[in-house]
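Following are the structures in question.
Both complexes shown next keep chain A, but they swap its partner, so chain B is in the first and chain C is in the second.
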Partner chain A sequence: MLTKNYFDVDAILAEEELVPCQSNFDFSYLSHLDPDERPGKRHYLPEGTKFKVPVWAVEKWATLGFVKLSLPRHFGRKARERIEAGEADIRKRNERFFIAGKRLGELLDTYTAHVEKAWRRSGDSDLRLLELIKRESAQLRRTLLSAYTGQRLSQTLNWALSSVGDDVTEYTKGLTELERRLFLSGATAASSHEAWKVYGNGRLLPVTEHKRTIRSVTPDLQVPGNKRQRIS
Partner chain B sequence: MDFGRYGRELLLELKRSNAAYNDTLVSSCLQDLNLHVRALGDQVAAASRDQEASTDGKPKLSMSVRPSILLQEAAIHRNKRCLLTYHWVRLQRIQKQYWSPRQEDNEEQQQLGPAEEEFLQAYQQLHQRYAQNTLPFVDDLRAHAGLPPLNTERVLLRVVTVPTEGPVVLASGVSVEFRVGATHFLPWNDVEEWVRKGHLRLLTGEEHNE
Partner chain C sequence: MNTAQPSLLLPAAGQDGSSFRASFSAEETHVEVIPDFTASPSFMAGVPVQVPLWKAELLQTRSLGRIVFPDWLSIDKLRPILQQEKTQPLLTTSLPFYYYELTRKLTNRPRHDDTNPDVLRLLVEDIFQVRVEKLRQQFPAYLALMEDQDIPKVDVPGIASAELVLLGPFLLQALGDRALLLQQTKTNKNDAAEERGEDTVTGEPIRPKVPLRRFRR
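Showing the complex of A and B:
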């Protein structure tokens, strides 16, 4: 289904984030997902196997309760504490940290909603696990929000709007892809504003690679030799 | 069969902007997609043969094969999305490049594949046909693409410094005399130059109540 970000490259790449899972029953044909599996030994993935798959691959399994999910290590509690303390190199953990984190939060919410409904119907009572996952998801969102909107955002905006013409490589190499997009938008707006202050809106576009032809309608409109004449 | 590997590489190619069209990688991705389609078909056929009878008598697929079937389907959609995105983004860049022929010094032109060259030619013909139908004396709208439309909308302004002494008649026919601190509601086209130079300041409407 085509959604707003179907063609968003960073959103697609963010779904490559590997999610730790545990199978709830035997999976046929998927023995190769077991990291400890010797080739050819089995043709199925046994129940209880722990493995990692990308977000895009596990989404349907999660909604149907085929696996138990948990957060990747660099989105876990200890990593979040370091991020909130400002001690972590976020880009080094994941170039699309915020987009991937948001996606993981959505995945966990979908997982808990579907599984809770199924377990209540069937009378299963591992709801403590679900509560734990819901809490983790909420804390992850809080961490993402505080990390994105804190000092990093004010620094990014400050640099984006005030560094027209400067070399910003040193600053931008620490930004995640989402922050770089924001930076680029701000820098483009600042540059356009500077250009407008100098040239206004009345500047002429030089004729370069494409030939601009003006076919005369009456003799009065002929402008011989002056290719830069604007038609008003 | 590496789930989603070629699709990922295609998107990473896009991040390396202005790389040439990678026909080899696109073919690998298509091949991968076809392998997943075949694997899905084989697994569904095998599972249908081994269907268990449920309590209501209707046959249903065994639970153990469902994860693999779902994974194959997800991989097919994934590859499709990566291929479509690769081509869509490149076409957007070609169109943008066409409408902005002035390039910055350090910005390279995008290298095109044969199909993209054909697209560009067809796009150019479409543009010329449209231009000829729109403005009879112009066959290239790109010279006008960077110019903003005429803006006769009125805006609220405060005079910071007097741009011109005494009463003045603006191009729109409005007569005005500027005094420092005064507020006026004037057509944007008439005052844009003075706003740029700092003689007049745009107000959002909230400052008017100060």
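Showing the complex of A and C:
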């Protein structure tokens, strides 16, 4: 189970997911963020430039309203429909698809909450974009949940319980990291059960043969009874 | 030190030993034993007495008594239970909590009566497999039941220790991950601070009122 652990490696790596952004005004000295920008041509990133930034880097800008956010393509509407239909290779898109998707949903929620509050104060009426982003975030969350708890979960359970001692690489290579942890927990319990059935019912038999080797470590010739002996 | 026969092996790497622990807990279950000695006040030769399973095994190993199988551990009782498990959607409640572990331990030694321990063991194994299969198929339904609950819980009447040990870790992990995916972002920190009248400058979005300084193009 994922916990709110600061050092959780999967959560850290999931935040490497690139988020498409659009700048709301000029950014000084950040022209290198634009992949189409020729080096040395400009020293600033013009307003309206589209670029991609990891989740961990864009969160503060999003809450301050510096950028407009959107979902990556493999979390978009068409990709979600394919995922819900079970036709998509989820791991190929992102090894930590579910964790990254959840993180993106949190980012969008935070972004819309902060920006909406500021725009309401300033009397800005263009809230349609924010409503659209909120709907996308809710649908993303629903897709993640249905993909995780649907047929994939049942298949993972079946494989975990019935493949003790078998090579399961063919199945696990299509699982995300979260699902691999789930598979491991089930497989560990199943293998423990099998091991107990084979080894756990034997009687604790008393030892019948002993090989004793008596070696003298420091023989005391004057007092034979004080010989120190090591038994192995 | 060499032993004539292999003794109990510890769980290998990659196993959590949960079945071994459950088996150890099952040894506290009381079973009937007929002692061959008299030691007042508990033991009188030929008089059945209830003792924990670990003590009963000790007495039988030392030829100081013999264990009497529980009532439910007979072919006449187990066959109808197996039939019931195959036909009913719910788990039967007529088996004890440690039925699987007790069967494995009690049928692990030869008997001096007509009881065939192998048949009993196979019957209980079939019952176990049918129950696990039922739980496996109802697993998505259990998850759906817990959808609206803040603290997910599900009541499965009749579930036994062996099924819990086998399916419990997977279910717990799945529930935890599901709760993680359901978790809503808490964006109300600033809202709460505003209600208290505190300044919420940090993190407040801004829109530039004047054009920013532009570099020469």
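Just so it is clear, the second predicted complex is superposed on the first by the 196 of 232 C-alpha atoms of A that agree within 3 Å, B and C clash if a C-alpha of one lies under 4 Å from a C-alpha of the other, contacts with A are read in each partner's own complex, and residues count from 1 in each chain.
Note that in this section a contact is a pair of C-beta atoms (placed from the backbone, for glycine too) under 8 Å apart; a residue touches a chain by one contact, two chains touch by 3 or more.
Every value quoted in this text rests on a predicted model; they were computed, and no experiment measured them.
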Contacts of A:K173 with chain B and chain C, given as first, second, both or neither: neither
Chain B versus chain C as contact partner of A:D26, first or second or both or neither: both
Which of chain B and chain C A:E59 touches, first, second, both or neither: first
First (chain B), second (chain C), both or neither touched by A:H193: second
Which of chain B and chain C A:Y44 touches, first, second, both or neither: both
Contact breadth on chain A, by residue count: chain C or chain B: C
Touched partner set for A:K78, first chain B, second chain C, both or neither: neither
Which of chain B and chain C A:S185 touches, first, second, both or neither: second
Partner chain(s) touched by A:F7 [first = chain B, second = chain C, both, neither]: first
Contacts of A:S122 with chain B and chain C, given as first, second, both or neither: second
Shared contact residues on chain A - chain B and chain C: 25-26, 28, 44, 64, 196-197, 200-201, 205, 207-211
In the complex with chain C, residue positions of chain A that touch it: 1-2, 24-26, 28, 42-44, 63-65, 98, 102, 105-106, 109-110, 113-115, 117-119, 122, 141, 144-145, 148-150, 153-154, 157-158, 160-161, 178, 181-182, 185-186, 188-193, 195-197, 199-205, 207-211
Residues of chain C defined as touching chain A within the complex: 1-9, 11-12, 14-20, 23, 57, 61, 104-105, 108-109, 132, 136, 139-140, 143, 162, 165-170, 172-174, 176-178, 180-185, 187, 190-191, 203-208, 212-215, 217
Chain A contact footprint on chain B (complex, rising order): 3-4, 8, 11-12, 14-15, 43, 62-68, 70-71, 73-75, 78, 81-82, 84-85, 88-89, 101-102, 135-140, 142-144, 146-148, 192-193, 196
Residues on chain A engaged by chain B in the complex (per definition of touch): 6-9, 12-13, 16, 23, 25-30, 44, 54, 56-57, 59-61, 64, 66, 196-197, 200-201, 205-217, 221, 231
